[in-house]
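The structure appears right after this line, and notes come after that.
Note that the chains take the letters A, B and C in the order they are written out, and that residue 1 is the start of every chain.
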Amino acid sequence: MIVLFTDFGIEGPYTGQVQARLQQLAPGVPVINLFSDLEPWDVEAAAYLLPAYAAEFPSDTVFVCVVDPGVGGSRPGVVVSADDRWYVGPNEGLFAILARRAGRVECRELPEPTGVSSSFHGRDVFAPVAAQLASGLSVEGVEVSATCLDRPDWPDDLFRVVYIDRYGNAITGVRASAVDASQLLSVNGQQLRSAQTFGDVGVGEAFWYANSNGLVELAVNRGRADQVLGISVGTPLSL
Amino acid sequence: MIVLFTDFGIEGPYTGQVQARLQQLAPGVPVINLFSDLEPWDVEAAAYLLPAYAAEFPSDTVFVCVVDPGVGGSRPGVVVSADDRWYVGPNEGLFAILARRAGRVECRELPEPTGVSSSFHGRDVFAPVAAQLASGLSVEGVEVSATCLDRPDWPDDLFRVVYIDRYGNAITGVRASAVDASQLLSVNGQQLRSAQTFGDVGVGEAFWYANSNGLVELAVNRGRADQVLGISVGTPLSL
Amino acid sequence: MIVLFTDFGIEGPYTGQVQARLQQLAPGVPVINLFSDLEPWDVEAAAYLLPAYAAEFPSDTVFVCVVDPGVGGSRPGVVVSADDRWYVGPNEGLFAILARRAGRVECRELPEPTGVSSSFHGRDVFAPVAAQLASGLSVEGVEVSATCLDRPDWPDDLFRVVYIDRYGNAITGVRASAVDASQLLSVNGQQLRSAQTFGDVGVGEAFWYANSNGLVELAVNRGRADQVLGISVGTPLSL
């Protein structure tokens, strides 16, 4: 299975171009679009989503991960093997938290691409590598220390909003296991208590809960937390 | 074929997570995303869309239907068999109109889920059941009377807007067969006449017509009906 | 491979309905959604995107192309064979630039559809024809001169914005090969110089570049060109 984890948008044309390339190079391999609406240029936010949402995928899944403010520049592309899954994308921090939490990590730096576009490495560089991996083929590149993936200045849990979903719920970079259910979370001057799920609070009430991928999520029962709380990707929170 | 009929959004991550689960449990079964942008929490609106858009699918199609304001609460999940198609989802009214119009309906109540997330039954409960059905396997649960699906207070045709499409056209919960083509429809103080199709009225003119799935739809030739008429999901109409 | 190139939107229901029809009539043929968010009714804009984005697809790819302000009217549907790829859709100019640039073009006019909806020919007419082509079957219709596809009043390069992508970048109808890299482009009173890629200009700076499909694209390094430049689909540019 190949999984797309990008800021490309799904309506056109980039996700379709990547899917077409994968279809040509790895025909028959299913392609799942996990996220196509990651916050553009916000590599840090995506880095905290990746391990939380990758964990439910089977061994040998290949993730194409692209949030790439440095596209066309000299940041190297990498292939990461972590806990029996594969990850391909530009190394600008996107794999930092994943690598830090993984039991076993290996990293390979892709050769400098030649003869391809300078602005669409997702299609021209990372999709072909993903297709090779999904087909069980080996990949060019030099093995490097996985420490090159880390961003030592990034915390283990990121106390800010990293994604707003279609309901207006705000996913944060904090693992629910890092916060006690009795703790209040403070956001935009408001104190939120935790609840098990939506129906446990009144209609219109804001709360936080452990979402179905283990992250702290801010929500409102039958309402939009982004509007009720005045928050967006980047809004900080605190205990 | 498995068909998704939800308010999950398609850009991420919920639709992709459901597709991945289906791919693992029913590999090779095609998955079609019919609606991913149903109005959140508006079960009634979705209930009038479902029979109109399900009718064109072949026998044995399995629909995963999730508009679920009560997620995590005690509303039961159901498997509905209606006119040789399968439907899986939470029973909060979503299958009421479908069941009422179907020739033959059977309903099975799913057991209370254990060991799964409290907020994402689409992935953890309904997708696995859909995969079983699509694979020809039997499903756990207790057969119950299909009357549990109905909402007797809901009318046979719902005189309000239930969906706005990408062009700004407004789909209503009224079957075109329930209205005579000579009748005017009143919405926001404006009287709309019917037309066969867009080109039959002047550019910028509002009208109603029988859409390609048999529902009354409000439209404007080369314009956005939602903006021209000042309407949104929920806006009432009358004869 | 079947490729969708439409203004249907991807969230629901039209793209899903077309995909379901294709799945039934040409099971197993991969379907790629290239563009689902073309500007509604702007056939001209789409006509300049099509040859730029079709060129990377393999021989025998079948494109379903629908931007159809005249749906339900008398404009004929056509099947176009150009440079070993197939295109199906309404003939309102969408294939004009493609045909003009192709080495070899053949065109067949589809018979007037009967017994189908008047507002959703994408599902009822063009998808079935695409499925036949993708299955290697012949298609009904009368061979006509490919000159019927052209719009002689349309220029070879269209100096306006034809698409805004998810990052706010503005794709134009101008081939990068038609402009010298030293030339300034004028848009909304601002002069833009060219750059190789995003990292070659300062953060927040607007520029133009040859995008990964050979079109002139207006962009801002780590910013939204549509907002910075105040532009949208239709905004003219000049040398």
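Just so it is clear, a residue touches a chain if its C-beta (ideal position, glycine included) is under 8 Å from a C-beta of that chain, and two chains touch if they have at least 3 such contacts.
The shown structure was predicted, so the numbers you read here are calculated from the model rather than taken from an experiment.
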Next item on the list: Would you mind reporting the rotation angle for the C-alpha fit of chain A onto chain B, rounded to the nearest 5 degrees?
Entry: 120
Notebook entry, point to check: Do chain B and chain C face each other with the same patch, meaning over half of the contact numbers show up on both, or with different patches?
Noted result: different
Check: So how far apart, in whole Å, are chain B and chain C when each is placed at the average of its C-alpha atoms?
Finding: 30
Check: What are the residue numbers in chain B that touch two or more other chains?
Finding: 9-10, 37
Margin query: Could you list, by residue number, the parts of chain B that touch chain A in their complex?
Written below: 7-17, 19-20, 23-24, 27, 37, 40-41, 69-73, 117-120, 123-124
Next item on the list: Spell out the part of chain B that touches chain C in their complex, as residue ranges.
Entry: 1, 3, 9-10, 30, 32-38, 53, 56-58, 163, 165-167, 196-200, 209, 211-213, 222
